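Pasting the structures here.
Across the two complexes that follow, chain A remains constant while its partner is chain B and subsequently chain C.
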Partner chain A sequence: MKFLTTNFVKCSVKSCDSTTDSFPLGYDNCKLVQTEQEFKPDFILSILERLDWNALIQVAKDLGNESLPPVKPEGELLQNEDLLKDLHTLLIETTIIEGEMICNNCKHVYYIKNSIPNFLLPPHLA
Partner chain B sequence: MSRPEQLAPPEIFYNDTEAVKYTSSTRVQHIQAKMTFRALELLNLEPSSQMLLDIGCGSGLSGEILTEEGYIWCGMDISPSMLATGLDREVDGDLFLADMGNGIPFRPGSFDAAISISAIQWLCNADTTNSDPQRRTLRFFNTLFASLKKGGKFVAQFYPMNDNQIDQILSCAKVAGFQGGLVIDDPDSKKNKKYYLVLSAGQSERQL
Partner chain C sequence: MDESLDAVSKEQVYVHTVYNEIASHFSQTRYKPWPIVENFLKTRKKYSIGIDVGCGNGKYLGVNPDLFIIGSDRSDGLINCAKGFGHEVMVSDGLSLPHPKDTFDFAISIAVIHHFSTPERRTQAINHILSKLKPGGEALIYVWALEQENSRRGYKEGMPQDVLVPWVLQKKQPKKDKSKKNKKQNRDQQKDQEETVDKPEEEKKEKKEEEDSTKYRYYHLYQKGELEKNAETAGGIVVDNGYERDNWYAVIRKPT
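Up next, the complex of A and B:
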C-alpha cells in the first residue's frame, strides 16, 4: 500500500462512521519499501490539494518521519522542486508491505501482509 | 451453466486455480477490457480526475486499463487468490482484501469516481444465515456515496439474476442518495446484453 493511501483509508466498522477517531488509522510495526517511480511534479501538485495535511503528519510520525512542514505548503513554496520531489518519494515511492493499522476509536487492528491490507471484518463487527 | 454466485461465495469460488484460469483466459480479458472501456466512457470523467476506486477489482484486469489511462487507483476484492494473482502481475493500484458488503473503508471525498466490473450482483446473495443482502447492499451504497467527492460518479457493469435484484440495487442506491439509473447495452441480444448502473453522488460542482 502506497503511503499516499494512508491519507484516505479509514476504519470500516459501522459504529466508527460518525467519529473523527477512525481516520487516520494508527500505524505500527510497519515494514517500508522504496520503489522508484516516474516523478510528475504536476501530479504531486494536484494530489496535494486533496491531502489531509494533519493526517499526513500524524501517519508520517507513526512511521518515523518527522521532517514534514507543519502546514500544507502553498503559494511560492510549491515552486520548490526539492519539496515536490520529497513528497513524491514519500507519497508515491514509499509503500508499506507489512504492518498493522489500528483504529483509534474501536481499537480494531487491520493487518497488512504482502502489501495488501486486510479489511475483512470478523462477524461481530461486520 | 450455473452462475458463479450460486455455487459458492466469491472468496471460495475464486480460489487459486479459478483465479489464474479466470485471469489468463483471453476471452475473459477481452470482455473485461471492453466493459472497462465502456464503464470509463459512461463515467465521462473530468480531465482533472486522478483517484479512482475499483470495486471487485479481482486480479487487476480493469485496473491495468485505469493505469494506462493515467489514474491512480485502489482496488477492493474479497478473493485473496485474485489479489495474489494481481500482485504477481505487478499492478500499479493498491489492493485491498475487503468485503464490499461491510462498507467502503475510505474517508469522505477520497475518490473522483468508482467503477465495478462484474461484481455487485454478489451483494444480492446471502451466503450465510446471518448475512442480510438488503442491509449489506445499503451499507455498500451509503459508504460508497460518502467516499466519493461531491458529484462523483459510479459506473458498475453487473449481471443481475432477475428484475428483483435490479430493483433491490436501484432502491438501495437511491436511499443512499445516488441519482441515476440503468443503461442496457445490446438489449435485444441474449448473448451481448449488458447492464450498467450509472450513478452520481449528488450534483457536481463543475459548471456545465
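Up next, the complex of A and C:
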C-alpha cells in the first residue's frame, strides 16, 4: 500500500463513520520499502490539493518521519522541485509492505500483508 | 441454491467462496477492457482520483495512467492477482468501504452489484459508493442483463432473475498442486504452475476434483430499467445509461 493511500482509508466499521478518530488510522509495526516510480510534478501538485495534510503528518509520524512541514505547502513553495521530489518519494515511492492499522476510535486492528491491506470485518463488527 | 440461507450467507457461499476458488483461472480470462468502461476512464479529468469497487484482477486500474485509482475486492484471491500486476488494491467489502466520504471524483463498479442477493443490498451498494464521491462525482455501474437472448447462456425476459451461473474450471490446464491446506502456498505455486510436472500418484486425486470443478456463482439478472430505478432509490441521478455486451450500465451522478 502506497503511503499516499493512507490519506484515503479509514476504519470500515459503520459506527465509526460519525467520529473523526477513525481517520487517519494509526500505523504500527510497519515495514516500508522504496520503489522507484516515474516523477510527475504536476500530478504531485494536483494530488497535494486533495490531501488532508494533518492526516499525512500524523501517519508520517507513526512511521518515524517527522520532517514534514507543519502546514501544507502552497504558493511559491510549490515551485521548489526538491520539495515536490520529496513528496513524490514519500507519497508514491514509499509503500507499506507489512504492518498494522489501528482505528483510534474502536481500536480494531487491520493488517497489511504482502503490501495488501485487508479491511474485511469479523461478523460481529460487519 | 440453498434458500434457507440469509442474504449474507448466500453471498458467502455462492459469491465470495467461489471467486476465491476460481480466482487464478478467472483472472486469466479477464484482460480485455470493455469499450464503454475504457472510454469513461479516459474521459476523466487529468489526475482525478477514484475507486474501483469490486476490481477483480484490476484490469481497469491501468487503463488511464493519469488517474489515481484505489481498487478493492471482497476476494483476496483476485486481489492477489491484481497486486501481481502492480496495482494499488485492498481487500474490502462493497457495503463497508474503508474510505472517507465525499472524497473521490469518480467510481466504477463493473459486474459487481448483481452479486448482492436482495434489492435492498443492491441499492445500498450503489448508495454506499455514491457516499464516497464528492458532490457531482460520477459512478459507472455495470450489471448483467436478463435480456441476452443471443448470448451463450440465452437468458431472456420472462426467465427467473435470481440464478446460479456455472463456472467450469478448465481441466486441461497445466497441473498444479491442489493441496488446500495452505492457501498462500497454493497461490505461490500457481504462479509457477506451467513449470510444474504432474505426478502419477496425484492422478487419482485430480480425477476426483475434475468432477467437482463446476462452481456456481449467484447473480441477479437485471431487467431493463431496473438499474436506473436502484440508482434513483440510492439517491443518484442517472446521467447516461445503456446496454453493452449483455450488460446494462448507468453513469450515476451524486447530487451537488
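The definition used in the following text is that the second predicted complex is superposed on the first by the 126 of 126 C-alpha atoms of A that agree within 3 Å, B and C clash if a C-alpha of one lies under 4 Å from a C-alpha of the other, contacts with A are read in each partner's own complex, and residues count from 1 in each chain.
Heads up, the rule we're going with is that a contact is a pair of C-beta atoms (placed from the backbone, for glycine too) under 8 Å apart; a residue touches a chain by one contact, two chains touch by 3 or more.
Predicted model only: the values in this text are computed from it and were never measured.
By the document's definition of touching, neither partner reaches A:102: not chain B, not chain C.
When the two structures are aligned on the shared chain, A:83 is found in touch with neither chain B nor chain C.
Of the two partner chains placed by superposition, only chain C is touched by A:42; chain B is not. Using the contact criterion defined above for the overlaid structures, shared-chain residue A:51 touches neither chain B nor chain C, since it reaches no partner. In the superposition on chain A, contact is made by A:1 with both chain B and chain C.
Chain A residues in contact with chain B (one complex) as well as with chain C (other complex) are 1-2, 4-5, 8-12, 14, 17, 23, 43, 46-47, 50, 114-121, 126.
In the complex of the two chains, the chain C residues touching chain A come out as 8, 46-47, 49, 66, 68, 70, 72, 74, 76, 79-80, 83, 88-93, 96-101, 103.
Interface residues of chain A facing chain C in the complex, by the touch rule stated above, are 1-2, 4-5, 8-14, 17, 23, 42-43, 46-47, 50, 110, 114-121, 126. For chain A in complex with chain B, the residues that touch the partner chain are 1-2, 4-5, 8-12, 14, 17, 23, 43, 46-47, 50, 52, 114-121, 123, 126. Put simply, chain B touches chain A in their complex at residues 48, 50-51, 72, 74, 76, 78, 83-84, 87, 94-99, 101-107, 109-110, 130, 139, 143, 146.
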